[in-house]
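Written out below as structure tokens is the structure these notes cover.
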Amino acid sequence: MIRIFKHEGGSTQQVDRVDPAWIKPGSGVSVWVDLDQPTPDEAKVLGDVFHFHELAIEDALSELHHPKIESYGDYLYLILHGIDFQESEHCFSTKDIDFFLGTQFLVTVHPGVSRSIGKVGAFCSRDSRVLGEGPGMLLYRIVDTMVDNYRPEVDKLSETLDELEEEVFERPNTQLARRILNFKKDISSLRQVVLPERDAVGRLARREFPLITEQLAYGFRDVHDHLVRLSDEAMFFQDRITSILDAHLSAVSNQLNQVMKVLTIIATLFMPLTVLTGVYGMNVTLPHLPGGERAQFWWVCGMMFAMSGAMLGFFRKKNWI
Amino acid sequence: MIRIFKHEGGSTQQVDRVDPAWIKPGSGVSVWVDLDQPTPDEAKVLGDVFHFHELAIEDALSELHHPKIESYGDYLYLILHGIDFQESEHCFSTKDIDFFLGTQFLVTVHPGVSRSIGKVGAFCSRDSRVLGEGPGMLLYRIVDTMVDNYRPEVDKLSETLDELEEEVFERPNTQLARRILNFKKDISSLRQVVLPERDAVGRLARREFPLITEQLAYGFRDVHDHLVRLSDEAMFFQDRITSILDAHLSAVSNQLNQVMKVLTIIATLFMPLTVLTGVYGMNVTLPHLPGGERAQFWWVCGMMFAMSGAMLGFFRKKNWI
Amino acid sequence: MIRIFKHEGGSTQQVDRVDPAWIKPGSGVSVWVDLDQPTPDEAKVLGDVFHFHELAIEDALSELHHPKIESYGDYLYLILHGIDFQESEHCFSTKDIDFFLGTQFLVTVHPGVSRSIGKVGAFCSRDSRVLGEGPGMLLYRIVDTMVDNYRPEVDKLSETLDELEEEVFERPNTQLARRILNFKKDISSLRQVVLPERDAVGRLARREFPLITEQLAYGFRDVHDHLVRLSDEAMFFQDRITSILDAHLSAVSNQLNQVMKVLTIIATLFMPLTVLTGVYGMNVTLPHLPGGERAQFWWVCGMMFAMSGAMLGFFRKKNWI
Amino acid sequence: MIRIFKHEGGSTQQVDRVDPAWIKPGSGVSVWVDLDQPTPDEAKVLGDVFHFHELAIEDALSELHHPKIESYGDYLYLILHGIDFQESEHCFSTKDIDFFLGTQFLVTVHPGVSRSIGKVGAFCSRDSRVLGEGPGMLLYRIVDTMVDNYRPEVDKLSETLDELEEEVFERPNTQLARRILNFKKDISSLRQVVLPERDAVGRLARREFPLITEQLAYGFRDVHDHLVRLSDEAMFFQDRITSILDAHLSAVSNQLNQVMKVLTIIATLFMPLTVLTGVYGMNVTLPHLPGGERAQFWWVCGMMFAMSGAMLGFFRKKNWI
Amino acid sequence: MIRIFKHEGGSTQQVDRVDPAWIKPGSGVSVWVDLDQPTPDEAKVLGDVFHFHELAIEDALSELHHPKIESYGDYLYLILHGIDFQESEHCFSTKDIDFFLGTQFLVTVHPGVSRSIGKVGAFCSRDSRVLGEGPGMLLYRIVDTMVDNYRPEVDKLSETLDELEEEVFERPNTQLARRILNFKKDISSLRQVVLPERDAVGRLARREFPLITEQLAYGFRDVHDHLVRLSDEAMFFQDRITSILDAHLSAVSNQLNQVMKVLTIIATLFMPLTVLTGVYGMNVTLPHLPGGERAQFWWVCGMMFAMSGAMLGFFRKKNWI
């Protein structure tokens, strides 16, 4: 699907095709071309009208690229990633949006509906001043919306982390290892997306490209700041999840210790008793202890209780019970 | 709450509103505007009088930003973090203070009472020379006080670390894992605060901004030095706590070894005796050992003692008892 | 084997020997010399005709070098590595291809059949325009093909990783450790190849060498981008395989815990019963329980069931069964 | 305590007070003021005579600073650390020495007796040429002596490391974990001291400050080289001690394995025998084996030996004994 | 021992002493002075004839320095390390060779026989052109030979690594931990030698010093390339040996699991049988099972087999046997 917004002389209209004259520097026109899952026919505008470099077009039409920013002389080519965390797959599914920024135009290419583009597009239709601020400002608005979308996902991760931590200490169980490792994978993929994104936006914020005005740079500095914070948080999460995994392993070790203690206590309590009953079951003449025939049994019971009591005292001393 | 200090011609007074004329370079006036949890109305001064960039104002009025420093041409915008360690939450709760520094003014914005601002404010009221040294010097005083507040918190961490270490070696118990991990979280959050703070102050110390005079730079170098030391200590703490966790896991392993040894000793001492009593309990004719009927029992006891003695000798050789 | 392509005045022919006049700057001729496992005789062309530096020639004729790029004034010397993952050896077997790039010529040296060279060679024979674009463009085509060959191998690794992960959690077994470590070795060797390759191509992309035109640089930027993505993926794989190894060790620990629980349950269930039967086997007069001679046996059985039931209740409370 | 050495016209004398005229550039006088735990009165010389910056004076009179170097225009301020390893505290106790270096003077401030200052001071009294070489050369001499003092301490660490390694493999015991962790702490504190020291001296060696002549820079390069080696060794120690800790944990695991094997052997040898004796103790009519009444016992013994023999064969096959 | 080679007018002779005139820039003479474990007398040539800096001379005559390169104006001072791996000590014993390179001279100092010096010296005696290429080329030849000597040692390490890996998986035993750690130590010391060596040679290759001609730089670039490869391989070895240690620990865990399973199987098989025989040994009237007096024994045997069979079925289900 292709949508073209044109701003000229204070009013914004949606038009059908791009006049090559509009995109010449100093034309006084601002154009935004949005290509949503473009058909090969629609995609032709990139080469035929804008004359973008064929490698950039190829990248824009394919998926799953690394966030980056490249200058092709009179226009910039950016790949940035919107986020869409899908917990079921343990992967931040990212939708790459490709931007071509010139003095008079912004071209966006994305492989399906994008929340940020949709939002800014609606805003743009309603308020003709939005596009009037120029294509750079429009780029800033879209990128800012994209990065704002990361926040709720990252907060969700933070909550999951708190839950995992609570569970490791309160209800250790064997399912936790898997969940912890899945969380690590999430963090990893978050960092994989945020770090190059941060670097690309940082280059805009540092005004490496003349297309970015000082005013715009202030905006991108703000977005960059958000991304720095996100990547710091990702690092912090990674530290914490590693600690939680350690805690989990430690909890598993402690459980083993507990089980071993119970086993040892059982064995220690009953083995001497077994020997004692064995002694009294031997076919030899045993020494007659004081008291009659019936008292013998109670003597044995007494010995049993004495032994068990001594053992329990020993365990208490060892702090096992 | 808004407080405005104005210094002109050697005397400092608290005034109600800021005259735009005062903040022009070369006005000869020094102004300090302190906004403590400003109401939207009070916050208007930032835009209407000082004409700060809207993104900077937005950042200043929101919370939880990353320490940073940004130049907006004729004024600097700083976010720094005061510290307030809350042991119950295992998190260095930080209060971000926002600074706008111009040649004639310092504006501070903070979301609630700040110890450092309060201290410097009181000092400023008492001694009119304080503001007379200029807004840069005032900034230095506040930042210096903020960083000094870190010291007692870090010393508290150091004590906790010594305690944990002592406990791991002297009184290993299963609660330690949790405490060690909480400590790690504290260290992590300390580093997350100190590192960007150090870098921001470092930029002031290196005089990247013309607003910072050489005299001021000496001061910020000192603060930077404190922050470098703090971040070094945080690294050192992290190293140590990792070692302590290792020691804890090693202690847990050793406990398991101890328990296993006791179990093995018990089993080894009593199983042969069980077999012996079993042999004498068999319904077969046993070889008659020298001595009468009654001597048989003592023969058995003798064999038992001999066996146990041999076992104990074996354990001593293995260094188990 | 030596193959020489010569392009002059719009047509490409395969020729037998190189005329030194062709390779002078501005000769208007483009030459591609491909040395496939050259005999010492064939290799003489490098020194006698092209006058390359003897150390570069030595490197080109030997194997297993580190990817790198070096400028020798009027020509560049590159070593890059084609990939050929051989799962049986757990090693990305790489074939190093050596390139000498001048304004009028490209010389490629490789120790055996190379897929990328073969492909570009066939293309070059069919379409005379290919060599007409100049030796730099030819270099780009070959390098691009080489890097494209990495993708299926990396995808294969990704699948293996998913399989390993699944198996660790679903069917833990002792063979996994070996497979995980072999996978780590693969990742390691992938990174060892990709990282220097990325840096070498990055230098071409940044136009450090005047031989690389702006047009070419766009192409190499694209290849560099692919290599950055590959090295990012390798990092990500390494993170994940480390987590998987941790999960495997955790699974092994859990198995030990399970086994210990079964042992403890068995011991706990049967040791008291052994003592009870031992008591009733003692040669002492036992207290007569209510009921006749035959009822005694059922009393004992009742005691046994009561004991076992109590034990099982205890285990359920401990969450062991 | 304050000591003042003054060199003028080839002779060095100890004087009582510093004449401000001496310390002016080009005065032809070299002055060394050594403040050993100065009283507040003695410390006044820093501000009143030398007019050092108040922050530098404050740092010099307090303790425990980070090694650093700072230029205050016409003088340098250095903090370096002498070493004094105190094994009982597992901490390299460092004595910070503060230096102020000008063209005509060197001021040293230290909180107690310093071996290096003492040594150079004695040398200075004996040989008037020492101070005649200028204050920079004097600084070099002191720093060189300080760094030379590190060597024996580091060699002591190296020996301890060898001992620990030997013990882990030859006499593993539970006390080792604590000693290994204490050693790690030592290494950590060594690195914490050496690394900033190396960087500070490195800045002198690179002649960042005009006060340092080329001749002096050669000297500081040598000291820097020593410090680089020390920090490399500290890294190497850290690697090794980590490996030793791993080895220790592995040894503990092996011990557990050994204990478990003994337990399993005991259980495996005696449990079948218990069952056998139990069978012959049952109150049922047993099959009569060939031979008379007395032969039955020997049949049982035979069975026992056969069983034990089979078990031992099984263990040998498993490589457990 | 001192050896002096002098090249003048196309012929190389071995002479007894160095004429100070020869070593002046532009003298047309090339001199190589080789000091092999020089006596104090022989060492005097460094100061008296060449006037090297006293700190450089001190370094050259002492041992065990860090590889480095330093410019002293008109001559370079290099320390590089030849390798001599001594497996018995688990340490790459390195022989440091010190070089002083001027326009007309090369001075080498080494504490004992050096393979590379010996080889180049022999070559130099045979072929008078070798020294005729200048002292820089001579330096290159020696350094190249030194670095070539690393290769066989590194290959030996690679083989040991393969052996260790094989053994961990095929024949795990407790001796492996020690061997693995010794190998780690070897790798560590290899890296400690190669990394600074690489950096020092890299500075020669980058032509930081005017003494190095472009031609020489090509040579050093080659040597640098070798050293980069060596340090990469060392990193790769370190990765692998860490994995192997993990595998070893995992194998130890698996062994423990195996032992525990055998123990559990034994206990589970025999404890119920013990209880059963205990029941039939009780002095109570047992229920009479169908069949005569003799059949009772076979009933018991039947029960025993049934129990054991059920247990074995349970184990098979648990995948333990």
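Note that the chains take the letters A, B, C, D and E in the order they are written out, and that residue 1 is the start of every chain.
Just so we're on the same page, a contact is a pair of C-beta atoms (placed from the backbone, for glycine too) under 8 Å apart; a residue touches a chain by one contact, two chains touch by 3 or more.
Just so it is clear, the model here is predicted, and its values are computed rather than measured.
Fewest steps needed to get from chain B to chain D, stepping only to touching chains, is 1.
Considering every other chain in turn, none proves to be in contact with both chain A and chain C. One finds 25 Å separating the Cα centroids of chain C and chain E.
Centre-to-centre separation of chain C and chain D, using mean CA positions: 40 Å.
Residue positions 249, 253, 256, 260, 263, 267, 271, 274, 278, 281-283, 286 of chain B each touch two or more of the other chains. Going from chain B to chain D and on round the loop of contacts, you meet the chains as B, D, E, C, A.
Residues 53, 55-56, 59, 65-66, 68, 70, 72, 174, 177-178, 181, 184-185, 188-189, 192, 196, 245, 248-249, 252-253, 255-256, 259-260, 262-263, 266-267, 270-271, 273-274, 276-278, 280-283, 286, 293-294, 296-297, 300 of chain C are the ones touching chain E in the complex.
Across the complex, chain D is touched by residues 169, 218-219, 221-222, 225, 228-229, 232, 236, 239-240, 243-244, 246-247, 249-251, 253-254, 256-257, 260-261, 263-264, 267-268, 271-272, 274-275, 278-279, 281-287, 318, 320 of chain B.
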